[in-house]
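Lettered A, B and C in written order, each chain numbered from 1.
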């Protein structure tokens, strides 16, 4: 596209300008372009003529326009700003005008260029340093720190006792109703005694009212004795029987009441 | 690979670096290479005329007694941590975990019935005892092998250890709460095992005591 | 990090290993890893009562001029091959991703101006910084997010990392090449364009100075 365009001026100049223009994409923005342009002044950045630089930049933008190269917006913004700066630098300062003077603005631009240049050089120095994996190396055969996880097993005395109790009771597990085999309720004893007291005309040890077979098994004996005793008291309260006991811990005797009452 | 001993004092076309320099090179290569390096590889990487085997020997000696050493790995050489400092390469973490139910039950049976055979443990627990469980308890040093039982097959018995007693704060296994205490602590049901006379509690204790005497 | 010179001769409860032994330990630990190790980490892995900072100093001196050396990376220490022997390591050379010019410049700006905001990077380069560039540097772990700036919008800042220091063989960010000259030339100043209010300028500089000094 560029080659098809007719460019004013000498061939060498044209080629140089084209090279610059074609390289627009290669510039890292307008500041970078300004820095590149500033090199043509062949002076220290501190002595650079910002006015001349502004003119160079504006000429570049003109050329790009002539070549119908679309410049990114920020290049055009910079061009506008440089045009403004140029007018400020050329015209005598207007005392009514507010804001920074042309010299101040130019000085800042010079500072920006110098700073960018300095960063460029610093970056180059940094990259020229010895680098790990290229000039110096870290350990190749690393030994990982092994994480040794020791598991300390623990148990308490309670765990131990519960564990043992669990084993010893496991065999005995039976449905709940079956458990009541060794238990006699007062209701059961009462029911049983109501039928029996009819035959108890004389004083009888209440122990004899225990159901058959319950007197040998200690648990059954305990339960049935308690139930029978409670039932006896209940019957006495009802006035159906009389109770007597010769002395503490002596056998408790019972007889039907209505016969004698 | 050039054997340094066979190599006569040579006049090489290129001046080989001084031996101290060669040693530095070997050091850097051994350090940075991810695998052990053979003498041939060293020679291939070092400037012409170098004698890596000799440089290696200097380096090996230099590292003697240091925190790392030049060691031979097959045909190759590497820098490795001194064996006595291996502990620095470990980060020990201790994790406390509750013993499994199977292990606790097995342990309890050993404690209450020692000396007890595996068959007896299984009989009491009503399930087979895995090898792992017994091994774990042995490894923890909470149980150990007791005398062999004078019965057919002469089965080995298990007993609890001092470590076990220490851990549970017991003077002896006899201090373990008896069935009665377990019962009164509500750990055992009040129901007596069917067919077992209730005073059998004392029998159990007696039996246990007898077993301990046997120890 | 404890300054060995400041540590008085101590009476410790536990006998610390002799200094020669401590030096061996530091040697073993540093050799075992590719990453820099802090003095605190060393202390954590060595027996009680050890003085890794002092042992490190002994070790550093011992390796002076050798094929590998003890180098400081920020707050940590590592063993690296001598840079003059890099030519032997062609096999180990890792092809680093070619950084774009934008990335290199951005990295340099972060290193020399840290902590620096994205807006400040853009101001210095005169062009917007692409997300990809910053992401690449973050991903390489050469830069990381620093504190937020105490200015409107509380923008996030970027600083360089220990990985960056390690890669470029820098002891600290203060050792960046030409840092002093750039600072005295005022080229690291955050000079705002004339006519714009510059709040928090002094604060920024103070913060930056503090960060470098802090190293």
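Assume a residue touches a chain if its C-beta (ideal position, glycine included) is under 8 Å from a C-beta of that chain, and two chains touch if they have at least 3 such contacts.
By chain, with names taken from UniProt: A = Segregation and condensation protein A; B, C = Condensin subunit ScpB.
Given the structure is predicted, the values throughout are model-derived calculations rather than measurements.
Novice: Closest chain to the overall C-alpha centroid, by per-chain C-alpha centroid: which is it?
Specialist: Smallest offset from the overall C-alpha mean is found for A.
Novice: If every chain is reduced to the average of its C-alpha atoms, which one ends up farthest from subunit C (Condensin subunit ScpB)?
Specialist: Of all chains, B has its centre farthest from that of subunit C (Condensin subunit ScpB).
Novice: Determine the centre-to-centre distance between subunit A and subunit B (Condensin subunit ScpB), using the mean Cα coordinates as centres, and give it in whole Å.
Specialist: Chain centres of subunit A and subunit B (Condensin subunit ScpB), defined by C-alpha means, are spaced 36 Å apart.
Novice: Indicate the whole-number Å distance between the mean C-alpha point of subunit A and the mean C-alpha point of subunit C (Condensin subunit ScpB).
Specialist: Taking the mean C-alpha position of each chain, the two centres sit 29 Å apart.
Novice: Just how far, in Å, is the C-alpha centre of subunit C (Condensin subunit ScpB) from the one of subunit B (Condensin subunit ScpB)?
Specialist: A distance of 42 Å separates the two centres.
Novice: Two or more other chains touching the same residue: where does that happen in subunit A?
Specialist: Within subunit A, residues 137-140, 143-145 contact more than one other chain.
Novice: Mind pulling the subunit B (Condensin subunit ScpB) residues that touch 2 or more other chains?
Specialist: In subunit B (Condensin subunit ScpB), residues 28, 31-34, 79, 81, 89, 91 touch at least two other chains, as defined above.
Novice: Under the stated contact criterion, what part of subunit C (Condensin subunit ScpB) meets subunit A in this complex?
Specialist: Answer in residue numbers: 31-35, 45, 78-83, 86, 89, 92-94, 96, 101-102, 104-105, 107-109, 111-112, 124-128, 166-170, 176-178, 182, 185, 187, 191, 193-195.
Novice: Which positions of subunit B (Condensin subunit ScpB) touch subunit C (Condensin subunit ScpB) when the two form their complex?
Specialist: 23-29, 31-34, 45-46, 65-68, 79, 81-82, 85, 88-89, 91
Novice: Can you list the residues on subunit A that touch subunit C (Condensin subunit ScpB) in the complex?
Specialist: These residues of subunit A touch subunit C (Condensin subunit ScpB): 28-32, 34, 74, 99-100, 104-105, 107-108, 111-112, 114-116, 118-123, 125-127, 129-140, 142-145.
Novice: Under the definition above, what is the set of subunit A residues touching subunit B (Condensin subunit ScpB) in their complex?
Specialist: Contact set of subunit A toward subunit B (Condensin subunit ScpB): 137-141, 143-157, 159-172, 174, 179, 182, 218-219.
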